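After the structure tokens below, expect a handful of questions from me.
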Amino acid sequence: MVVRNCREVKVRELRFLGVWEGPSDFVELTLENPGWEGYRPGQFAMLRPKHWGLELSWGRPFSISRADEESVTFFFQVVGRGTERLTRLLPGDEVIVWGPLGNGFSAPEETPTLLLAGGMGIAPFRGYIERHPTPEFLRLVFAHRAGIDSYPYQMMKDKVRAEAIHEKTPDDLPTIIERIEAEVAGAHGGLVLACGPLPFLKTIQQAAKLHQVRAELSLERSMACGVGACLGCVCKDGQDKHVQVCARGPVFKADDVHL
Amino acid sequence: MDLRVEFAGLVLKNPIITASGTFGFGLEFMNFGDLKRLGGIVVKGLSLKPREGNPMPRIVETPCGMLNAIGIQNPGVEAFVRDKLPLLPWRETAIIANLYACSAQEFGDLTGVLAGEEGVAALEVNVSCPNVQSGGAAFGQDPAQITKVTEEVKKRAVGKPVIVKLSPNVTDIALCARAAEAGGADAVSLINTLLGMAVDIRTRKPRLANVVGGLSGPAIKPVALRCVHQVCRAVKIPVIGIGGIVSAEDALEFILVGASAVQVGTANFIRPDMAFRMVDDLPRTMLKARAQTIAELKGSLELP
Amino acid sequence: MDLRVEFAGLVLKNPIITASGTFGFGLEFMNFGDLKRLGGIVVKGLSLKPREGNPMPRIVETPCGMLNAIGIQNPGVEAFVRDKLPLLPWRETAIIANLYACSAQEFGDLTGVLAGEEGVAALEVNVSCPNVQSGGAAFGQDPAQITKVTEEVKKRAVGKPVIVKLSPNVTDIALCARAAEAGGADAVSLINTLLGMAVDIRTRKPRLANVVGGLSGPAIKPVALRCVHQVCRAVKIPVIGIGGIVSAEDALEFILVGASAVQVGTANFIRPDMAFRMVDDLPRTMLKARAQTIAELKGSLELP
Amino acid sequence: MVVRNCREVKVRELRFLGVWEGPSDFVELTLENPGWEGYRPGQFAMLRPKHWGLELSWGRPFSISRADEESVTFFFQVVGRGTERLTRLLPGDEVIVWGPLGNGFSAPEETPTLLLAGGMGIAPFRGYIERHPTPEFLRLVFAHRAGIDSYPYQMMKDKVRAEAIHEKTPDDLPTIIERIEAEVAGAHGGLVLACGPLPFLKTIQQAAKLHQVRAELSLERSMACGVGACLGCVCKDGQDKHVQVCARGPVFKADDVHL
């Protein structure tokens, strides 16, 4: 497992630089530079606007989508009260941010690596592709429901081989599952990295096991602290022990986690 | 300004203590502030044997609060003493062990393991375990049981201060506090969480695998303040205030009604440097109350 | 869709009832919606004699909630019957009288005044009195007293349904519900407010003239839901859910755990047409729970 | 006492048209027309932005500063959580508004009427002046602490005789109290209308009693419902009975209220 660089982890109050809103409820949020150039894609941060008040007790976890010397970007979908309120940020508003948290995806050089993204699971792969030492070894397969323009897919496709699979209706699902399974099987000898909804991850975990493919899965859980303290976000690891997704994940080896 | 507080044989550099279960073993927060600046740290509930805790989901956000049913997942008291305690700044900050057990005997044994540890400043006894022998009600809901457990812990504490942590899920919390006092407690801390529940109409299921859980956060502050007020008037031993404290002003409210110190729980999730910020904010907040010392503020509420 | 609910001899066109003390005598809300659309209205607490209530300040806003210590200010039961009841649409909407008294005798006398009133659909007995400073526990905290008061009211209710309103400030609310059932109650309603307090560090005074008050609002919803869950499993009589309900979804949560109907209190202050809007929202919210009738949803929570 | 026109009282969701922020924390809030042309100055409304969520349990009461066929305007100072959040409204946001509530000030024709405003107490008098049938009989005396440009004073001075008294330091207070007392005494035979902080109102009440001047005072209280239902906002009337400030006030005859 990748160990995070603890010295970087701090709470900061970052100014909001501007929102780009895509169609419907998909939002890219850019904050001033937190100094995370050394983050590992797959790591996340907890976000909480300073003016939130007390109704929502927790920050909200989001994958770091990309970070450079200028700024850090998150990419999220509006699904509830917290994400809705995030879209009401005004330029200059400060957001309390702690991170980078958890571990990230492995990024071995010159290793054929299949990136499987389901919906918002595409977020961490944007930075992954940008930072990978040998991006020509990467291939992205992106399963999505909303229109492709809702996601930062095109700019990723410009950099690596990429294919998108559109789930237009629930009837498409069986074909998509088959396709994902085939992709995992075909990745034998390489590495599979996956981020997306739970059923998507389960399909990949089973296929990886069946075809003996090395895979890493990024999990989601409701999180209160984000730093391993509250024990609210646990899953079971390979030894059937409860481990914190925020601190021991969110990226797990596929054979070391119960979904 | 003098932020120091002294009670139950403890001397804290300020009245801000982090609450059990919300600050891990302290080590998780080292990146966010200097642990030495805190008045104290109550570590996650410890049991004799390691515990895996409850199944997921374990936490739910509620309006201005949260429910938790962690189920005291912990590595066991021995792992704590061996792996965590040596890493904590226990010479500078009071490290308080939180004890969880389901019988007086077990509480005694837990105490036995911790009593000799120099790094442990005090023991906080969590009596919220359902007492299986007496029909499911928790120990903490039965004054007689509270006295018994307190006596057992006190007997084996070898002079370490014993703090009994009280549950608000009772008709008369002052009675429970007196029961702890009668058992020899050096202090009481309150409140633990209120019993609550949340359900999802879409799945028609409870939102916690454990069905019920403990409510904490600003939502419960008025209840906590009332409990501390009642208990301060009922016992002579010191009282530590807990429940929904999210600012230095909240902390002083509890001290105003009579608390000797406070614990900060759910607020640590608002931002992980919250407890440190509260220490920083104390002096300017004391000015609002026209107080130079914590001591002069303590219990100075004017009643009509 | 069928929103009708039937229980305790009452037939309501929907399960949304406004809670005592938060909807005045209903008349104050006539500009904001058609009172006939509500399932029911519980009027402000009534006492035998007019009451001036507590001194000011009486209300404080708290995180996701509020404290009140109104002290049952009311014009007395006779003025209600004479001046208010005739103006209410009691043929279309259940008008429930909320009874406040400080002895079983007084409760009986109050019942005597109301039992003959055609416009009163049911009597709700407030045994909690959390706002009134009394040396010891209130009626509602003593099961024996609950049974006694219930019997007294029942005896003189001449067949009108008697609902006993339970306090959450007890160790075991299921026990209190059973005590009401034993006394002959036709239903129980819960929860009344949680006892709470707020102080001002600037003035060093309590924020309520009465020092303590009752906590209500979304903050307490998890506690209320847990109480209703426990009571529904403890008694056979119908249960009315109250506490922090601010949306049709909240209402269905209480019905899911077993409530026959709900009361909406503090939410009426969020906007005065809130109860009417909840009635409007019920059908589409029932779709989320895949339910066509309230009856099929009632108590359909799946426990692990 | 003026009885309100009940048929007008409704809950509405009004779009926010724009904020004018004066220096520091004084804000004028303009909402789309609620159809309150018939309101009585001195009446108020309860305001609550739709997106507020649940942390604040109550709406907030504000005097109707002015209303016409286009819009309604409130004028307030940022003093706490609710007023602070009001300043975060975005154009187009909806505000839940119920009103007009309570009674208003008397507005007898051709009667010398002294308007005594303390601080934010100036708000209702703006509409009062605009609507008065015989404004030449009005005189405004305005006691204030913040700079005069924080208040809509100048535009009122353009319409009626007006004087401002600046309380620059607490040392000015005794002089100001004396002045107010003298003004009330001088209004004998006419009418005094007052709105402002409690000590200000007390001074006026005492002076009115002493000099037997007809006076009306607008009171403030924390309010939950605003419609007379919760009994949280009571004061004592002349018979020592608790009456709701929201429903029986906020404007009281000076000799029929205990301050």
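Per-chain numbering from 1; labels A, B, C and D assigned in written order.
Please note the rule applied: a contact is a pair of C-beta atoms (placed from the backbone, for glycine too) under 8 Å apart; a residue touches a chain by one contact, two chains touch by 3 or more.
Predicted model only: the values in this text are computed from it and were never measured.
Counting steps between touching chains, the shortest path from subunit A to subunit D takes 1. In terms of the distance between Cα centroids, subunit C is separated most widely from A. Each chain gets a centre from the mean of its Cα atoms; for subunit A and subunit B, those two points are 35 Å apart.
Work out the mean CA point of subunit A and of subunit C, and you get 47 Å between them.
The distance from the centre of subunit B to the centre of subunit C, with each centre set as the mean of the Cα atoms, comes to 33 Å. Within subunit C, contacts with two or more other chains are made by residues 62-65, 217-218. In subunit A, the positions touching at least two other chains are 54-55. The touch graph of the protein chains shown is complete. On subunit D, the positions that touch subunit B within their shared complex are 54-55. Contact residues on subunit B toward subunit A in their complex (touch as defined above): 21-24, 28-29, 31-32, 44, 52-53, 56-66, 68, 70, 73, 217-218, 246, 266, 268-273. Taken together, the subunit A residues at the contact with subunit D in this complex read 51, 53-55, 81, 85, 88, 90. If you check the complex, the residues on subunit B that touch subunit C are 62-65, 67, 137, 141, 169-172, 194-199, 201-206, 209, 211-212, 215, 217-223, 225-226, 229, 244, 249, 252-253, 256-257, 285, 288-289, 300-304.
On the subunit A side of its complex with subunit B, the touching residues are 6-7, 9-11, 48, 54-59, 96, 98, 221-222, 224-235, 241-242, 247.
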